[in-house]
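Chain naming follows the written order as A, B, C and D, and within any one chain the residues start at number 1.
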Amino acid sequence: MQRIGVFVCWCGSNIAGTVDVHAVAEALKTEPGVVFSTDYQYMCSQAGQNIIKDAIRDYRLTGVVVCSCSPRMHEVTFRKTASQAGLNPYMVEIANIREQCSWVHKDVPTGTEKAIILGRAAVAKVNLNAPLTPGESLVIKRALVIGGGIAGIQTALDIADAGFPVDIVEKQPTIGGKMAQLDKTFPTLDCAACILTPKMVDAAQNENIRILSYSEVEKVGGFVGNFEVTIRKKARYVKEDICTGCGACVEKCPMKKVPNEFNLGMDNRRAVYIPFAQAVPKVATIDPNYCNMLKNGKCGLCARVCTAGAIDYTQKDELITEKYGAIVVATGYNPISLDKFDEFAYNQSKDVISSLEFERLTNAAGPTAGKLVRPSDGKHPHTIVFVQCVGSRCDACAEKGKEYCSKICCMYTAKHAMLTRDKYPDTEVYVFYIDVRTPGKNFDEFYRRAVEEYGVHYVKGMVGKVSPEGDTLKVQASDLISGKQLHIDADLVVLAAAIEPDASARPLATMLTASMDTNDFFTEAHPKLRPVESPTAGVFLSGACQGPKDIPETVSQAGAAASKVIGLLVKDKLTTNPCVAQSNELMCNGCSSCELVCPYGAITYIDKEFRMPDRSIQIRRVAQVNPAVCQGCGACTVACPSGAMDLNGFKSEQIIAEVDAICR
Amino acid sequence: MPVNGYKPLIVAFCCNWCSYAGADLAGNNRLNYPADVKIIRVPCSCRVNPMFVLRAFQRGADGVIICGCHPGDCHYTSGNYFTRRRMALLFSMLDYLGIERERTRVEWVSAAEGAKFAATMNDFAETVASLGENKRLEDLRCKK
Amino acid sequence: MKVRYFPGCTLKNKAQDLDLFARKSALALGIEMEEIPMWQCCGGVFVSANDEVATKLSSIRALSDAEEHHSPLVTVCSACHNVIKQTNHQFNTDSAFRQKAVNYLASDTVYQGGAEIYHYLEMLRDLVGFDEIKKKVVKPLTGRKIAVYYGCLLLRPNSVMKMDDPENPQIFESLIRALGAESVYYPMRNECCGGYIALESKELAEKKSRSVYESAKSAGADTIVTACPLCRYNLLKNNSPLPVVYFTELLAEALGAKEDSNE
Amino acid sequence: MNNRQKQEEILRISGVNARKCMKCGKCSATCPAYDEMEYHPHEFVYMVETGDIDRLMASQSLYKCLSCFACVDRCPRGVQPFKLIEAVRLMNIRKQGNNHMTANDIPSILDDDMPQQAIVSAFRKYTK
């Protein structure tokens, strides 16, 4: 029999206002096992905790029930208290009489009656509690960063600086991500390449960082501190360690008509290519979809001109398996496809472009060397219309775009408009907006400058239709403030497309058992207090994979994720949650039902010798739970047909005792 | 809302990560629901053994509700899918035994849905109260 | 292949060509168009209010007939197609409306909501196939520059009509190309001609029609093709410089069915 | 019916949730009859949302809508302004004596080529 102490908290008037706390303490005194019962104003205060500690010693308590706020609030506090008084912390149970009682019920008799029942259930549970000891697991001191954009690069650099080795896995042939494609950055207008490329070089030169470019994560196993990840290094048909990046092969490749994805298809590249001049690693890659040698076995020109002998047409994909203590997801974003918004004629005219295409068109390293011209005829545009919120803030039932605000479009559109007016004062620039959202340091000032100093026409309203007629784009729009329907003959229309998580995020989340929201953004462990951690232990989030964000926000989140990783990797060992499944080997019949439902692969089967009553030896197949891998969901306990599987801390008999106490 | 002054006994199993937190949020926002609802915390809705539901009815509960994370949002990835299937089977069996479908329910309540939690409990308590006392499965030997 | 055919009143009066050539072409393509017996006028426009029942019953009768015969329900007139398809959608999504409609009809066979509705164009695309039509063309319309005119009713509301991308449709163009003619792109092809206002506000109807045919003309078309009698009337009434013909006529011409004996 | 009841009736028979509107004005940007209207599609939605029904019911704008569904398709919020316009129009003509057009008005504006479609739909849209 347990010796249980009951401690009823007033929480000032939060509980005592609707619950007669004395009556609760009094009523619970008569429950089986209870040897001490009291109430106090603030149980979580130092004085309150001392009451608990003293009672544990004085009454030789073996179990504690605290009737107070939610266990999500102070369970940890009271467990610590118990442990300081020498009691196993898992002998403490909380009856939630604040959030789930005093705050939701109005009158004292009702509140008191329910509080007593909740206390009774907690007492019934503690009667069946058993001391639990957390296990320990080793921490592998190496981190994996998935995604090599600015988020991934920054996270990797910060972790590497703390002295831990990091691998960056990037699916493209170079790191750099979206930021490498941008021209200038708001609101300071520094050039994106000038601030990004030194970081890319730093990453390449840092001895703690290994860049696995043109690679993808294929399989993830293990758990916090000890993940095992399989990475597919795709064949690039060029020996990375030998290639000097001289570009001779690119120059000689006869396959000249490959759409250049770095410039969003606005110009062409060769079948063997280096994405851009500052690529890291600066190594050529052969595109197997276009290379004649790989497709038909005819050509081989690049191998002939490569003096280093780096070309290898026989290269195969390579699988690398590595162990990591922590994983950072930095898979970033993409602009959405504009196919469903053809009222803006994106698929009907070359001169209707997306904002990212506009970035490339104004970038000195872009397809036009930075000269802003119409893609259709190379002429200088005189009237440019920018349309904001294309696909953002769409209602779900409209089934076209995204429900959320993409956050970055207001600012980059202001930047595009301002830069256009600055460089080409002869252009008329219209921006159609629903709301201009500029919360950020110097953001609104920036937008106002576009209007006041650069004369950008901001029109409150939306564009309804863009009609390509001859070489003009007829834009029909509303100006809600003047109450007019506007008809503008534009030369160029720029659509601020909504952004969405990269398509690789969803399968990755499944591999990591990390949760996502309905928009495929990764979910944080807590939206306010744990913004860079995934609810899955050991998985951290960096950048736009968690939600739309601009560069400064991405960089600060990247740093925050790195500091969380470092905090994990400096530990040699981790304590594990003791509330894990446990199989009673004598009852287990080896059916594998539990193994099949376990989402973590924590259950394995072993053949074990059993000594039978007649002293004979029998070998039986029984389930074994790896407590370091088990997360304690309990799916297996219900699947088990023989009742062998149970969950520590939430044993079947404990829950049944609670049910009985409530239904008494 | 008691019907004819009758107050039902309702057992609610709530998963620790979503629904229990949703119930806490209902409390934080002071959203009322009947005190007839008593919550039992489980790590995941998939920890709820059909046996627990049967036990509750045997001991005189008038309604049992199981709340978990929304499909796809389970903290343990897939636990709530197990719950959905298991309970669909159990409830149809209970229906066969004469425990009306309305006395059993599975609901998805996220940690952010305090209002939904309260609304769900109000609705469920009202429905169960309108059915009156559960006599079918109650084991009178359990009554003192 | 057999289909149930709902011609609609305009096709029996002012738009007899649309009907005639639809039948002839179908014959040439090996499709049997069985006219629904005692069909009733669709009402010309779908009344979107969800408590409006009586005006939608004629559509449900036609739908029920097609369901009974396990055949696709085919319409040629854009307006009939729009009304019948929207009515079917409401029947299948609004249980209160469904109940009322079933009560009103008080018929022995209750419509279950399962009819498959095809516009003639969709029938050509989905049940025959444009490649198949291309093979059957005997007099290709080589050299013709056709501006297809969708108008509004075929495409919108897209969530119900689901014929094609409402902002950049291709179905009509594909047909024209299958017939051997050149399909001329012009941006007003899916904008409203103002037809429904033609009775009341001639000026507005004229303004809208003009913007359509001028757009088609400046794109270099020699003919405008439509599926809607009202669009055709409106464009011609408002002095379209280009001839406006029904798509079925072009189809019959290309299939060599136009000059067949007039039965 | 007072204003509030009219508002509720309009929302009920249209099935529209006017509160979904985020005031982007895309419906008015897209409307082919914009220039003929006193109140434009986005104003319709706003006036129904705020209960400014009487002015709306008295407006000739109701009969300028071309039923082209462009506002329905292009609205990013799924508001369906057309259905509101139609509901307000019906509220008007369902009241006895409020027909916008009667059978006697029709012959004078008819011409020989007018398709049946236009005539029957005029009866649907303007009379009861």
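Criterion: contacts are C-beta pairs under 8 Å (C-beta built on N, C-alpha and C of every residue); 3 or more make two chains touch, one makes a residue touch a chain.
Only a predicted model underlies this, so the values are computations on that prediction, with no experimental measurement involved.
Distance between Cα centroids is largest for the pairing of chain B with C. Note on interfaces A-C and C-D: more C-beta pairs are in contact across C-D. Taking each chain's centre as the mean of its C-alpha atoms, chain A lies 46 Å from chain D. Each chain gets one centre point, the mean of its Cα atoms, and the points for chain C and chain D are 24 Å apart.
Computed centre separation for the pair chain A/chain B is 32 angstrom, with centres defined by C-alpha atoms. Contacts with at least two other chains are made by residues 159, 167, 191 of chain C. Residue positions of chain A touching 2 or more other chains, listed in rising order: 343, 465. If each chain is drawn as a node and touching chains are joined, the picture fits none of the line, ring, star or complete shapes.
Considering their complex, residues 70-72, 96, 98-101, 103-106, 110-111, 113-114, 117-118, 121, 513, 515-518, 523, 535, 579, 597, 599, 631-635, 637-639, 647, 650, 652, 655-656, 658-660, 662-664 of chain A touch chain B. Residues 12-15, 32-33, 36, 63-64, 66-70, 72-73, 80, 82-83, 86-87, 90, 101, 106, 109-111, 113-122, 124-126 of chain D are the ones that touch chain C when the two sit in their complex.
Of all residues in chain B, only 9, 11, 16-17, 20-21, 23-24, 26-28, 30-33, 35, 38-44, 46-52, 55-56, 59-61, 72-79, 82, 86, 118 touch chain A in the complex they form. Chain C makes touch with chain A in their complex at residues 159, 165, 167-168, 185-188, 191, 215, 218.
Contacts from chain C toward chain D in the complex involve residues 8-10, 13-15, 41, 43-45, 47-52, 55, 77, 79, 152, 155-159, 166-167, 191-192, 194-201, 204, 208, 229-230, 233, 236-237.
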